[in-house]
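Since the structure comes first, as structure tokens, the remarks are kept for the end.
Chains: A, B, C and D, in written order; residue numbering restarts at 1 for each.
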Amino acid sequence: MTKEWRPRIVAFFCNWCTYTAADLAGVSRMKYASNVRVIRLMCSGRVDPQFVLDALTRGADGVLIGGCHPGDCHYAEGNYKMLRRFQLLKRLLRDMGIEEERVRLEWISAAEGDKVKAVINEMTDQLLKVGPLGLPQRFEEWDKEVTRLEEEIRGGDAAGAGCACAAKLQKPAAASKSEVAHV
Amino acid sequence: MSKPKVAFYWCASCGGCEETIVDLAEDILGIVEKVDIVLWPVAMDFKYKDIEAMPDKSIAATLLNGAIRTTEQEEMAHMLRRKSQYLIAYGACAHLGGIPGLSNQFSREHMLKFNYEDAPSMANPKKTRPQLKFADGGREPTLPELHHVVRTLDQVVEVDYYVPGCPPTPKLTNVAVTALLENRLPPKGSVIAPDIALCDECPRKASKPVNTSFTEFKRPHQKLMDPNLCLLAQGIVCMGPSTRSGCEAACIRGGMPCTGCFGPTSRVRDQGLKILSSLCSNVAPKENGEIDKVLEGIPDPVGTFYRYGLAKSLMRRKVNLPVK
Amino acid sequence: MKYSYYPGCSLKGQGRAYEESLLPVMRHLGIELEELPDWNCCGATAYMAVDEGKACVAASRNLAIAEKAGLQQVLAPCSACYLVLNKTQHLIHDYPQIKSAVDRAMTSVNLKYSTDIPVRHPLDVLISDVGVDAIKQKVTHPLKGLKVAPYYGCQIVRPYATFDDQFNPTSMDRILEALGATMVQFPLKTKCCGGSLTGTLPEAGLRLSYIILKEAIKRGADVIATVCPLCLFNLDSFHGKIAAKWESARIPTVYFTQLMGLAFGMTAKQMGLQRGLVPMKPLASAPACCAARTAAAAT
Amino acid sequence: MQSTKENIRIGFYVCHCGHNIAAMVDCADVAKYVKGLPNVVLSRDYKYMCSDPGQELIQKDIREYKLNRVVVASCSPLLHEHTFRSATAAGGLNPYYFHMVNIREHDSWVHTDRGEATVKAKALAHAAIDRVAFHKALETKTVKINPDALVVGGGIAGIHAAMTLANAGKKVYLVEREPSIGGHMAKFDKTFPTLDCAACILTPKMSEVGAHPNITLWSYSEVAQVDGYVGNYKVRVKRKPRYISEERCIGCMDCISACVFKEPKFEDEFNEGLGKRKPVYIPFPQATPQIVVIDPNVCLNFKRTKGPDGTPIVSDRCKKTCVEACGDKNAIDFTQKEEIKEIEVGTIIVATGFKTFDSKRVPAYGYGIYKNVYTALEIERLVNASGPTGGEVILREGKNPDGSPKHPKSIGIIHCVGSRDKKTNVWCSRVCCMYSMKLAHLLKEHTGAEVYNFYIDIRAPGKGYEEFYNKLLDEGVHFIRGRVGEVTDWAMTPEEEGKLVIRVEDTLAGYVRRIPVDMVVLSSGLEPQADAQDVRRLFNMSCGTEGFFLERHPKLAPVNTFTDGIFIAGACQGPRDIPDTVAQAGAAAAEALVLIDKGFVEQEPNTAFILDEECSGCKSCIPLCPYSAILYDETRKKAHINEALCKGCGTCVAACPSGSIVQNLFEDEQIFSEIQGVLAYD
């Protein structure tokens, strides 16, 4: 596909403020970049940092978290909890070589449809400048150094019939979902 | 009936896991009685070609420790996988990448340069580096190549079970080996340790107040620690709440916080992010500046939260490093 | 407190009494003014109307010089300079064409316009940074009994009302009241003085000046205080023509800084009051010598 | 994975919503794409999924195709999630096997490229298909509703809402901040367009409130704290000291005449400062409750300085003639202290009203500079027969040559003061055209003066409103279209001397006019109350950008808020006139009655629970819960969530370091699958 690259943003919006604001933006027929995918949560406090990184490792170029303004959380203080996580997460991401622009926390009240539009457009512009993150592609690139040997062995196995232990590579991004083992 | 064949192998590791085998003490005799050790480079002399000559699946179980860092380790992992019925990732490095996994914060060139040129203990005026090939009296010996990325065992070959820990405790090792010998095996892919966080068996569990919120974080050397009080209640980062139990809180009993070598529970995809989420949620202040001030007490989040788990984390490696 | 002082053409020429009074008054209040090196025309009057881009280039060079010198604030006493410098900053933000014209021009002279240095008016600085109380403390010769018509002109609160109300500014009122003067209720505070129409279309321009002068007299003012060199010029210079066309409306017009200087015990001469065409009556409160000088200066 | 245990059969429906979605999203293409996704048994596009046939289609398909999951891609779940869950349930499935995709508000309405919007719809649909496989059957929780209600604000909205509930047999607490109920309406002289006397229609209602056996009226009180949730709110009400025992005062007002101040001396708030009152006073003759108030700021019996906590200190230096006059009734109590009452209610109606725009913010109009510039509310009092002048319109400044008070001969009324202006408030205040015309009529009637209205547009869209405008035109009231530039005392001609000159561009005549008048009336706009932000926090509501309380949906839920069981009525939600306010108050009361009479409310089962076996008892989650729903079980050494208290924010779930808390409807696996889904389609 010759389509020009557009950043992909996964957004986690709280049900009461930012999701509603995005609804308002819709009802008001505001126009904004189409590359954002909103996932509704009840509160920004539900945003597990794992969600942010899971989105990035699965190919998102940016993650936007939207919650109620400080003091306005429907659940009193869930947004503060997200804010505290975000402060350290930003540092961790920086240390891991992920640009600051890729993960953003915004307070958007239910009345601020225009802010939804402004933030999404602004973030899209910033990400256009920063460029693709492409973690799945990077992982693939990294793993070329080991897939070579694996393929060699697999080829050998196919030839030397009878060997049934073709090592199936466990995809690194998908954590091993081992069953509970009590010993 | 011949005794089942068992192999021990080490890749990128410190040798501590091998120590654990020895630490089985008398128990090892019982094991040795029941099995034939076909490979154990640290203790006995075996040749690669001997293993290569063995029929596929002829080894009952291989306990492999260490991360996969070089082409040789990669090759051995593949070969042992082929020769073994069960491949067990033994210890934190094989399970999670372990301490070697921390070098996923740096490029290969950076590591080589530091180790062969810049390290304060290094005397190498000619800046000689290991060569992949060299000529020696008409022969051309080769050395394995260092990979750019440190990997867990299961990022290279399929793994049947994991015995966690840095190193695994003799008790868990015994449990694993006994389970193998008696064929009482848990579902494939299991980590041979309880699927509950460490606090469950922590001697200081009861001392943690229910309303612990953090106004500062201190590192162990910065504080005179109360030997009985929960370390988190003292503002010391302890990974216990997000780490599998099974070690019987060895570090905490020794006066040091848990650093997470047993890895996450099965319900967690990224141990570091989960402890981050938990600790930060309970930071006391509400303003950015004050929050940051509290979090200054964690100067190196990657090193703190991914001491053993970086290679296995969602990001695996600092994402902007080269592979060339 | 240190400010970069941008005099503009007026304060070095026609409006030099403004500079003569402003500098000692500010010094007296502990404000350090450092003249912007190598400044040029602000880009005011016809320039802005003919070519906004070029006017902005002229203005932004001054701001870029200030930026290069690492100065924090620019003080622009002339209303036109104050407005044009502020307007330039707005236009650079609002219009990419203007921004690129400015960037191009600045690059060619090895300058860079990257931040908006606050452009401040003396009234703003006196009210917001110095404060009325500090001014009050410096008053040695209160302007008791002096009735002043405070006249701000059109430019300092419009269109960018940053430090005062757009329709009823009061910063100068508050400063002059601190000096002991009485303000007459003056609804023409921000009405047009005639601007450059006094030169180009005198029958329209002079009428506007006349309205202001007449209303000030009607409301019992002794003097009109202003902040703008052009306003002062218009209100002070055409009394003969105004008298011929309508009626005599002679009332002195002075810079508010001149009144401040008098209240601080400075002499009329020091304040450049002798440059006014309609003399100001000596102040009752002024020490004998000063009163004499005021009269002398006035004649 | 779930799908290995259960054979997942998903039915997918994409709604055209007429052209709303179909115009920007290729619905057929989305349906085709989804058909190829795992577990999808059928995939349809349909014109209106929320219509009866649309819902029946889902039910039929569930039975025919043995579906066990349903996904609908249409509008916002905040709008129709309930509808489709019900349809799913009617088809015989647990309603929580349904998931909704928002491709209208979040897609078709906000994008301009059909290709891109369709791609987005596919990605969102993919996420839902992945997610719904992990859905579980859940039970809807029900919560009992306490039948008692609280109404906050005793203006016409609060009065009407309280009366409606009380007449339906419900117990109502009515809390009013001022000493009397009545609000703004009590200050009005007449009401437009019928010119009913405001007092004649309001005061009977007020006394009814005061006497109603089902209404507990707490005036001079404020809500201090609200805890709990729909059906079970715990409210703390602060009762300010009025230094009068409400039980003993009979409203004889003997104390007022006996006060040591022989003449009223202090600014009378009810009369907008145009009249005076004594330290002991009753706000206005028909005040409800009929109980006097003592103002400690001016009463001689209190010290000028206040105590460290801000409470007035009794000095005992007055002769206390009031106490004497009260005699045996013994109703005056200088030691009265602020009191906190705690009540439990199931529903709350917030009707806290508006404030008028401060006209001083537009200095060009001279309010506070020229004495003969008035606000409209001042004129309401001035033309009122029970007002400070007994209905005589007297100018504040200027006397006739004989020294008698001067009446205006010409009056200018400026519309839209502070309204429809980017510099102040952008919104139209909706009532100011009509009340300006009402005042024009009344002023003309009272004074015979020439009355000029300066307007931008005449907005008279109510019943009988346009007719009222026509009536005024016939009466000879002048209407000049143009926004007034300034009001000044700068006279240019002898005729203008001593007058206020209104300078305005007459946009119909096309020139700038100067109109000299004796009196200027500023029709100030309506604004949110100064403390609207505090009030909204108190009740966990939202405000719009302008600061009025935000309704749940502007059309479909205009009196609901985002917090269940809390409703809004009247001008606290936006400017409105009396008929609309009363209608809305009735609607809010009806909504509250729906909950009360049903007796229970269904709640989203999105609560969290602890995986008991897996919990290590690390206690990290316990301080995080704002509702103290997580307890530490000391015997079992594990955390436990009290489901009744959990509100389902999920904060503890995100923070559980060992992943041992699960939130229903928002399980980790469901969200991870959603993330995977939205990124599965480029």
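What we mean here is this: a residue touches a chain if its C-beta (ideal position, glycine included) is under 8 Å from a C-beta of that chain, and two chains touch if they have at least 3 such contacts.
Remember, predicted model here, so these are calculated numbers, not experimental data.
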Chain separated most widely from subunit C, comparing mean CA positions: B
Inter-centroid spacing, subunit B versus subunit A (mean Cα positions, whole Å): 27
Whole-Å gap between the CA centroids of subunit A and subunit D: 37
Separation of subunit C from subunit D, taking each centre as the mean of its C-alpha atoms, in whole Å: 48
Approximate Å spacing (C-alpha centroids) for the pair subunit A, subunit C: 57
Touching two or more other chains - residue numbers and ranges from subunit B: 195, 268-269, 274, 277, 281
Contacts with two or more other chains, residues of subunit A listed in rising order: 45, 48-50, 54, 77, 81, 85, 177, 180
Multi-chain contact sites of subunit C, meaning residues that touch two or more partners: none
Touching pairs among all chains present in the structure: A-B, A-D, B-D, C-D
Touch list for subunit D against partner subunit A, complex: 1, 76-78, 102, 104-107, 109-113, 116-117, 119-120, 123-124, 127, 537, 540, 542-545, 550, 554, 562-563, 606, 614, 624, 626, 647-651, 653-655, 663, 666, 668, 671-672, 674-676, 678-679, 682
Complex contact set, residues of subunit D against subunit B: 611, 613-620, 622-624, 632, 637, 651, 654-660, 668, 672
Parts of subunit D lying in touch with subunit C, wherever the complex brings them together: 362-364, 369, 423, 486, 488-490, 492
Touch list for subunit B against partner subunit D, complex: 195-200, 205-206, 208-213, 240-242, 245, 264-265, 267-269, 274-275, 277-278, 281-282
Subunit D contact footprint on subunit C (complex, rising order): 165-168, 185, 187-188, 211, 215
